[in-house]
Amino acid sequence: MTVDTRHIAGYRRMAFKRALALGGAIFVMLWLVILDLSIGPSGMPLSDVIDAVLAGPDGADRATATIIWYLRMPQSLMAVIVGMCLGIAGLQMQTILDNPLASPFTLGFSAAAGFGAALSIMFGAALPLPEYLITPIAAFAMTILACLIVYGMVHALGETPEILVLCGIGVLFLFQSLQSLLQYLASPEILQQIVFWLFGSLLKANWTSVAVTSLVALACLPFILHDTWKLTVLRLGDANAASLGISVGRLRRRSFVLIALLTAAAVSFVGTIGFVGLVAPHVAKALVGEDHRFAIPLSAMVGAVILASASVFGKLISPGGVIPVGIITAVAGIPMLFLVIYARKRRSS
Amino acid sequence: MKTQTLAIRDLGVRRAGCDILSGVSCSLITGQVVGVIGPNGAGKSTLLSAVAGQSGFSGAVSWGASGTGARPKSSDIGYMPQSCKVTASLTVLETVLLGTHERLGWRVSQSDIARATDILAELSLSHLASRCMTTLSGGQQQLVLLAQRLVRQPGLLVLDEATSALDMSHQISVLMLLKRYVVRHNALALMAIHDLNIAMQYADQLILIHDGRLVHQDAPENVLSVANIRRCYGLDVDLVARAGGRPVIAPRPQVMA
Amino acid sequence: MKLFAKIATAAIGAIALFGATQAHADIEITDVEGRTITLEKPAERVMLGFNFEDFLAVTGDGALDRVVAISRPVWKGWRPKQYETYVAKFPEIDQMTDVGDTEGGTFSIEAAIAARPDLAIMAAWQYRALGQNVEQIEQAGIPVLVIDYNAQTLDRHLTSTRALGKAMGTEDRAEKLAELYESYYRDTLKRVEASKVARKKVYVELAKNGPSEIGNSYANGMWGGLVDTLGGDNIANGQIENWGPLNPEYVLASKPEVIFLAGSEWLGSAGAVPVGFGADPELVNERMAAYLGRPGWSDLPAVQDGEIYALYHGGARTLSDFVYMRMVAKALYPDSFADIHPRKELEAFYADWLPVDPDGVFVARYVPVGQ
């Protein structure tokens, strides 16, 4: 059966190439993390960085120890984790909505998070918790609320992608207008804080945020991995997937909740960082195709790479290192998107 | 292998106040290809969708030995709905492998791939194994999706327009393949057939649906009588006898008015 | 005699011991937020976030030699001509590490830590904006001292001044300044008490963007707090929280009797009232006149009586703000303050306590054009 073995060999080769792409992405990401740790506004030479890393968080030189262990390391880790969450959430969203323009923010999650943050910035002083805890909690809570609203509406009205998108857009506009209302009522100082939060910045990262975001992501991971094959099948279309024994509505709802959790964890601490969730899945699919066994992890890695490189780039062009990373991903994301579209066109023609 | 029976009892589907199907009852045993025929809008797709458990209905459908038993499980069924065009950039081999997605682990095993390539060979699709689905014609996609259902090795095949985009020779070879399949795996294939001649020549049994009711269930030459065809299709035909086989249906030429 | 000698020796020994331990005792300072910080000795490498002139006043000679990092945007950006004046005298200011601005979101914790200060001094609003970043600074072994002049309260002004003095080892100087400020403060209030003039309605506006845009007014703090302390009737009370623009219709309807236009040395603002270092009195007057041309303003009592004043916005929330307080008081209660000349008091303050001269316009009454 030479035909057989040829196809088996071909399939294995394809899988190997995809695994290679995944490995390559991981390698690039690790490199970027190291680079990110070595660059910063204090202008520490590489030798100092290495010394501080080896000396540990309780090292004798308090200044470099604090900079490396309490400032740069959480920021770099946060870039990676947030990038991974947004990458996975973006891929899932594009799959369940069957729409290449979907992103984790399509159904209103970023608008809700922004509203939550605005609420806490305006009124959070009334609560006994410190401000840097209230804002993430409020942003997270509002994102989950948006998720529940859309979930409820979809449950009542039907579970097709069209209805999901319509409900999501409705929720998006709802929270966006509420957010605008708050911005209008806010004093200039508060308004500036809100706007700054919306840009998305890694500067607020600390070990708490790293821990919480990682925990949420790890909790979601088994559920996502369990659905890997089902998501690939969903790419064949609702009718095909249903006829192959997948309860499409349940899969969609389940994924939707997981996307909400991942997105909430990603943006609650660092603000709404756009484009990563839109571009990462496209790059991943361009490299490894639609097989979600490869597309999911690669989407995560590409997301981490995008965010980590945005962080490095931001530090390079602004020595104070204070350009919000969300602005850089927006600016860099556009040419990347064009590249992806161009590559797709080249391949299909 | 034990014979299974698909027993449909008083099946009815009501939508928006209309009875799309009502009082459909029949009993079908494995080992045959049963064609579901009838004019457009008669309710064929609805019936197939209901039997495959993809839409709601009143009445009972059971699958098991001697006609008693529960509804067929999704692992027993290979259902192919009407419109299932694929727009994802998966290869043909990947698509067929997805037919058994419940059984696949993180690594696709040798036997999984072998099973898929065997089916592709049977349907003469081997040369397309590494082609992307979006580059295939409608007919080729249909064949791949059929392969995908077959790789599950279901006991009950429910096919709605599985051959509608295929040319005649492919239609015939698919039907021959299905006949071989149902005998080898002791399965039942329930498929909607538009071409009455194909239905006549290759189906083991026919079910005629008209206005939401099952009006005739029998061997093809009995179901496709001139009277039935006139009543259900509104068509005047001649049945041309053929030596050693079933007759050929020839519609009478229409006179240009 | 022997017993006496023994007691005396013991007493001297105890005093000596006490003196010796005192010489090695840490400096404990309670800052304006009630936080206690400990320094081994007066600070030699300071990261200064705000209140630069107050720091200079309290620390005295060589103050800037003890500063390694500043938040440059809030000095150079907000008071450019003031910054220029100080840089002209102390060029090393330009070389100090810039830690960025918390309000503009450009504050870099890393830069602050990397400058290796032994004390970080910041204003209460910066402390609040930094949130848990303060912990990171303390993590790095840098104590954080919070001062607050923005509140415009006597208590916080004095506490901040004394805390600064303790941190820099110039407690005597700080005490003198605190007493000076307090005495001016109480004198002002005494004169206000004694005045027979009725309570006047006051409108304060930040004259930053020209008459076509309504600038911020203040309530509960800054100029608003000042007006309240002096018993004036700030029309912004009840309309805004802390600061924000008032509705122009409301301003017209309130018929303010005294108007204060707060100005600063903003660059690139065509219609602003450019009060401050290096200001030109004629230009200030001209710009004020433009504001009076607003629709309906010619009917306001303040305009008709010529009760329009320009104030240096950078003067509020500093140790020298008693000058502006007395300027406002003089405008509200002219009978009690006839012998007081706030401009002269400002010059005296700068001469006694600060290393530069206040060349420019800091307080001015509008002189109607053509007079």
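By written order: A, B and C. Residues from 1 in each chain.
Basically, contacts are C-beta pairs under 8 Å (C-beta built on N, C-alpha and C of every residue); 3 or more make two chains touch, one makes a residue touch a chain.
Please read these numbers as outputs of a predicted model, since none were measured by experiment.
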Overall pattern in which the protein chains touch one another (line/ring/star/complete/other): line
Centre-most chain [mean C-alpha coordinates]: A
Centre distance in Å when subunit B and subunit C are each reduced to the mean of their C-alpha atoms: 87
Distance between chain centroids, defined by C-alpha means - subunit A, subunit B (Å): 44
Where subunit C touches two or more other chains, by residue: none
Subunit C-touching residues of subunit A, taken from the complex the two chains share: 40-44, 62-63, 65-67, 70-72, 130-132, 187-189, 192-193, 196, 201, 203, 206, 320-322, 324
Residue ranges of subunit B in contact with subunit A within the complex: 52, 54, 74-75, 77, 79-91, 93-95, 98-99, 101-102, 104, 106, 108, 110, 113-114, 117-118, 120-121, 126, 129-130, 134, 145, 148-149, 152
Subunit B-facing residues of subunit A, complex: 3-4, 7-8, 10-11, 14-15, 229-230, 232-233, 235-237, 239-240, 242-246, 285, 289-291, 293, 348
Touch list for subunit C against partner subunit A, complex: 98, 100, 103-111, 113-114, 116, 128-129, 131-132, 136-137, 139-141, 216, 240-244
